[in-house]
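Sharing a structure below in structure tokens format, with a few things to ask.
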Amino acid sequence: AGTLSIESWRSDDANIWSDVIIPAFNKSHPDTKVFFSPTPPTQYNSALQAKLQAGTAGDLITCRPFDTSLTLYQNGYLDNLNDLKGLSEFSGVAKSAWVTDDGQDQFCLPMASVIHGFIYNKEIFKELNLSAPKTRDEFFKVLDTIKSESRYAPLAMGTADQWETATMGFQNIGPNYWKGETGRKALLDGKAKLTDKPYVDTWKELAKWKPYLGHGFEAQKYSDSQNLFTLGRSAIYPAGSWDIQTFNNQADFEFGAFPPPVAKAGDACYISDHTDIGIGINANSKNKAAARELLNWMASQEFAELFANAVPGFFPLSNHKIAIKDPVAQEFISWRDNCESTIRNSYQILSRGTPNLENQLWNVSAQVINGTMTPEAAAQETQKGLEQWYAPQQ
Amino acid sequence: MTQQNQQDEKKPFPWHLVIFLAPALLIYVTFSVYPLLDTLFLSLFNTQQGESTFVGLQNFITLVTDDNWSDAFWNALLNNFKFFAIHMLLQNPIGLLLAVLLSSPKLRLSGTYRTLIFMPTMLSVVIIGFVWQLLLSPIWGISENFLYSIGLGQYFDAWLGKEGSALITLSFISVWQFVGIPMMLIYATLLNIPDDIVDASVVDGANPLQTFWYIKLPLILPTIAMVSILTFVANFNAFELIYAVKGALAGPNFSTDLMGTFFYRTFFGFQLQQGSASMGAAVATLMFLIILVGVMLFLFFVQRRIQRFQF
Amino acid sequence: MKIFNDLLSSSSRNVSKSVTVHAILLAYTVIALFPIIVVIINAFKTRKAIFKDPLGLPDSSSFTLAGFEEVLLRSNFGLYSWNSLVVTLIAVSLVLLLGAMAAWALTEYKFRGNFIVTFLFAMGIMIPIRLGTVSILSLMVELNLANTLTALVLVYIAQGLPLAVYILSEFVRTIPKELTEAARCDAVSEYKIFFCIILPLLKPAMATVAVFTMIPIWNDLWFPLILAPGEETRTITLGVQQFVGQYVTNWNSVLSALTLAIVPVLILYTIFSRQLIRGLTSGAVK
Amino acid sequence: MASVKLNNIKKRFGDVDVLHGIDLDIKDGEFVVLIGESGCGKSTLLRLLSGLEDITEGDLYIDGERVNGRSPAKRGIAMVFQSYALYPHMNVFKNMAFGLKIAGKDKAFVDNKVLEAAKKLKIDHLLDRLPRELSGGQRQRVAIGRAIVRDPKVFLFDEPLSNLDASLRVQTRVELGKLHQELKATVVYVTHDQVEAMTLGDKIVVMNKGRVEQVGSPLHLYHHPQTQFVAGFIGSPKMNFLSARVMEVGSESTQIMLESGRMISAAVDSSSLEKGAHVQLGLRPEHMSVTCDENTLEGKITLVEHLGEQSYLYVDIQQEGEFVLKVDGDNQYQAGDNVTFGIKPNSLYLFNHQGNALPRVNSNLETKPLP
Amino acid sequence: MASVKLNNIKKRFGDVDVLHGIDLDIKDGEFVVLIGESGCGKSTLLRLLSGLEDITEGDLYIDGERVNGRSPAKRGIAMVFQSYALYPHMNVFKNMAFGLKIAGKDKAFVDNKVLEAAKKLKIDHLLDRLPRELSGGQRQRVAIGRAIVRDPKVFLFDEPLSNLDASLRVQTRVELGKLHQELKATVVYVTHDQVEAMTLGDKIVVMNKGRVEQVGSPLHLYHHPQTQFVAGFIGSPKMNFLSARVMEVGSESTQIMLESGRMISAAVDSSSLEKGAHVQLGLRPEHMSVTCDENTLEGKITLVEHLGEQSYLYVDIQQEGEFVLKVDGDNQYQAGDNVTFGIKPNSLYLFNHQGNALPRVNSNLETKPLP
């Protein structure tokens, strides 16, 4: 009973919530009114922070993974969810993004993950007689072909927004270099350094992308990249699975996806399957009972299926078996079967101090692609930053 | 007090003063002065996990000495000075030129020009930022094609994306947007110069250029000074345009970071970086001090020497 | 022949001079308007056409109102505009009224604390109120005003007052003292002096203040986001920003939204613009 | 209408004494003109009367009541300002009606009052105009009208004509004079134009540096100035002054020697002086004549101003300085001519070195000091 | 110094004809005063002379050279503005030196020139002051100084004294007159104050609605106004006008009948009129006398203005209207008294219904029409 409002950065999903998800919830819980009130992603953190401090935030808080939400929990803005029934539907890995460092307290319910890879324009590939590359060599050969034999920009990515280079570049192809979770854990434990070969190599590959990017990529923003691709002017798009939805709406050609290429055919592959969205309860909510009911429902099979199909590209984290209808989304999720999943290596713990590793990664990755910084320098700078405050690395 | 004065009728308490002043003062103090003081006060504390401890000037020391902070701080400050310098060199002279042209006697359509040129000033940065990104976008190619059409195509570049040119380009955009303000203010002053004085200089044999240089310019100097100080304050508070175009990280490689964006990142955090109210407050306090010192220096060294003229 | 010479010498000089003046002004006007025009013409074109020929006018094949439909359908543009209008108009009116009252009190009456209050307002011109956001927000929550337009109005009044008081004070000084003295001799109360005599005379000054106050309020993104982000209280700038964020790849919708957002400002501006120059030329902001 | 009494009124602005103790009696219905140089405190005194400025010391009575601390509104005065101070956003009618409306009078009464005053001032056809649509003279009349409608006890005028051009000033001055006769109002009128003072005032108060120099009827001041200051102030063109020494003291006649050594006899009682005392000789331009052969002076004409019916001769007298002479308009003088003129002994004034006038003997005009 | 010749000069602003063809000859060194009502085109004519405004039609010659299209700087003129138009940011020295500096004169020359002019105008102690630190009269002199230093061929003055107060105006007027005698400059001087015009001008040009009404020496205009407009304009107080009809036409004497039926005889040649024609009778206040018993009129005094040595009587004459009379200062008239006064036939003016003056017979004054 009562009303609930949900804070979220997913403004794109507003229609889906109001048209699909909330009506479905209301079928079983007719007297709870739910409002989905999103804030644009870039302003979400600061606006939420301010609203929590002032006590005006909604009852349910969409959780960014790891430290952002952990701080909220530590500052007492989020409720402890340890006794929430629905949590049992999720694996430890899925929950790991929203527990305290000691693993004791859970403060958000996992909602969805996103997977990185490459989306390509099937028509262009057909026109140039290309097929999806499996190895890095093939990948660059494909890029070369496109560059030399057509007017299309081989890769649709820009460095203006910076985060694309870190997220769709570094975190996309990196796991194949640092062997997914193994490398990520080693970094956390202080056993590996960012100046180690896998990381430098990742940046080296990024540096090689430069010639294949579109004209003036330095000023190209995320939306420009999307437009370049959907307007058919670019062949390959380093993607996050969430882009599928946009492309479905806007591209009038068929597109497919391939995972980050490996060094040699047959090598073990790793994908970034990042726990991206969780949802928690505002500690100051006046309607916690209803909020918990909603969370429990969000742990259900029904929700998982609704969500996964309404928002293709966001993959449910619960243990339910669900069928995904969108072919490209299906392609993405199918990689989970062959490759090892990992999450972005800067998200857990490592972006807790000053300087902030994630911000640094954005900055240096963009610079590496721009050619204003060497891969080695990028490695050194980030490693130095980490060493300043992170004890295991000192 | 003489005896006579005691017989005087008592002056009633000036209630009207209270009624005139109180509403404005109440709202202003409550919603501006108090929050600002509250925030500046925060800069003397260290807030961690909801608990704050008094640390004196430690935050400021960190800000200007600790490499992690000071690099960003000095970078932002330096950028801000560049930003300001470009405005002074471009916005105000262009404003001056336009104002002078607009005020030429018997100019037809001057009202129309004035209104149209002031238009960009009215628009929000959401619009401005978006439009200019489109125009300068290499993908859309408007600027590029334009440059090619006048034979300068080879000079085109992704200006907004290059470390060397991003700040300058943003400054230009800002100049484009705000040139209307100095133009209007100077124009108004020019209109206030009596025709007689200009006529007198014509009779004295001055040509239009000399009339401008010897007569009009000295007379609008106070306005130019005021415009400069407004520019200074506005530039050191600037935030929105950078934020709208380049985001809070003010890329590439912080080349467009200004005090405003630096404050924003520090105070509210960004992406995975946690906001720090106390460090943010320290940045805010420094911004305030810089502006204050700037204004004081200006008042002391410049304003004192410039006289306003009554006509 | 002589007359002809005279005509040439004086008039042709004037003509060539005025041609130059017009040429420069026209050129700058084009620079000022070009981006806006690009937005507007492309708002009426299909997404493909926008890319193919960004500077072309919409023709029968490329003309579309889809963008506008999308905007009006997918977002509550009417409501947003209404909210913006309400907030801006109320805030600006109150800034004008309260600012004029304060300016009048500060310039007309001698009293202890006059300097301090004047100084306090002057400081407000230099410090962006945004630095105090968090305190403002908690204050609004305590007053139960969070997510209301009232909160915005209050903050905007606080934000606009310093400049208004400054400009209006300068104007009040230009009003001849005799006017108020004549009224005092006429047994007019201080309130009536202000409302019946001073306020009407401040009109041109108010137009100036109105424009300078209105621009930042109408265009503000920040406080709507923090203080009143709810759907019901969303302002048009925030609405457009979110719309742009959400439909960032759908350029003709975005451009339509931008176009729609430009219109109200222009209307407001034209209302004040005639008074603006009168205001500027008759007082303070010189 | 009312009488006004000032009792040792002083005014200090901060550290500056502006008025040093003014005593003045103004009778009911009297037209009193305050005259004096710029900055002598005329306006300040008027503002003290009106209550716009606080009295530092002394007592002010209007109609016998002490009004020192009273607000302007309650003193029953009306003031007309030099700049007219018309409310620029109100039309003539509203300007005139404003005070009455504020006082809560009913509409019929207000309309009636305003119309009556407007008719009296011949501005009833202008009632709909805004002040900026009026000429200077019309504005002036509106300002007076605004004062009249309130039936004040005392009218205060601060240089009401000084913003008008020459011919309008003359015309309005005449109208003001008639209006006063009609209204029989008590008026205090500030000006620094001596013609206005002479023509309008029942009584003229000559002020000098915050003090009253002399009070009297216009003609009395003209004929019997008590000080050199007053003598120089009243009369146009200005009285000529020459330095001289007393050669022969007498109570009926005095012999004086000018700087050039010329001897002049004056019908002045110099018994208070000693022989050899320095004095100033005062000579009005209109009291010298080129046909008179007593007390002659001669000099060279530097400039002739023809005003039609009369002319002014500016004469340079060797060793004495410049002299102005009023002569008939039908003269044939030209600049450069030499001229000799005589002075009648009984049209001479003498001032001692403190600037006080010596008593004139047998002055051909006896005027009442006060009306 | 130079002569100036205006040949059928016309000026049109847009659709509005402001000057309808002005012909004027100004001799070298002459002081010409333009006088006329507000808006009659005086300033416009001056601005045409200066070159600040383009001439629509006609020819302007300075020193025999046609200068129509020439810029102000090249005409060799200097102009003094009503508002003085001093450069507010320059001190007195710089104000005066500006024109010379612009002309590229060397420093010693400039210093010399400025100092010389400043001494002449007695402002050499003010050279460091800014205009706002000067009194009105001092500003006025600086403005003149600025004109002098440039040794212009022609000085143009546009109401240079109208911003000064009464006594300063008289004083400055005298100084200006002397300055002209000293410089022997050609001067064109605009004013609407007839006293200034009379006292300063060698030649007065009376303008009316964009046309020249009459040109002549001051006394000639005073005694022989060609039109009623000029007659009313020259002389102070203004000439009195009465409506009348011609009863007896004559070339030596004319009998007219006033509205009240009184008969008056005038020494005017009315042979151009017919019996019964409507005329206006003009009478100067100073030409009537209470002792004369010819042509008497009588009325009731409404106001007496005492100016000291003379007084004005404002007399209401039944059926004729108001009349002003100038009498000696030692009169005893009071408002309310009845007065009878007579008019000498040869001090009368008659104007026909077009406002043109009829020739006066035996006028007791012969003046040269032009100096």
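All chains are identified by letter, namely A, B, C, D and E, in their written order; residue positions are counted from 1 within each chain.
Keep in mind that, in the parts below, a contact is a pair of C-beta atoms (placed from the backbone, for glycine too) under 8 Å apart; a residue touches a chain by one contact, two chains touch by 3 or more.
For clarity, every value in this text was computed on a predicted model and none was experimentally measured.
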Most contacted chain pair (by C-beta pair count): B-C
Of all other chains, the one whose Cα centre sits farthest from chain E: A
Separation of mean Cα positions, chain C and chain A [Å, integer]: 40
Mean-CA-position distance for chain E and chain C (Å): 54
Approximate Å spacing (C-alpha centroids) for the pair chain A, chain E: 93
Cα-centroid distance, chain D relative to chain E, in whole angstrom: 27
Per-residue multi-chain contacts in chain A, two or more chains: 42, 50, 227
Set of chain D residues in contact with two or more other chains: none
Per-residue overlap in chain C, given as positions that touch at least 2 other chains: 51, 133-134, 189, 241
Residue numbers on chain B that touch chain C, as the complex places them: 14, 16-17, 19-21, 23-25, 27-36, 38-40, 94, 97-98, 101-102, 104, 107, 109, 113-128, 130-132, 134-135, 140-142, 176, 179, 184-185, 187-189, 191-192, 208, 222-223, 226, 233, 237, 239-240, 263, 277, 281, 284, 287-288, 291-292, 295, 308
Footprint of chain C on chain A - complex, ascending: 11-12, 14-15, 35, 37-43, 47, 50-51, 53-56, 222-223, 226-227, 230-231, 246, 250
Chain C residues within the chain D interface of the complex: 176, 178-179, 181-189, 192, 196-197, 200-201
Complex interface listing, chain A residues touching chain B: 42, 45-46, 49-50, 64, 66-68, 71, 74-76, 158-163, 214-221, 224, 227-228, 233, 346-347, 351-352, 354-359, 362-363, 366-367, 370, 372-373, 385, 388
Residues of chain C defined as touching chain A within the complex: 47-48, 51, 74, 133-134, 137-138, 140-141, 146-147, 225-226, 229-231, 241-242, 245-246, 248-251
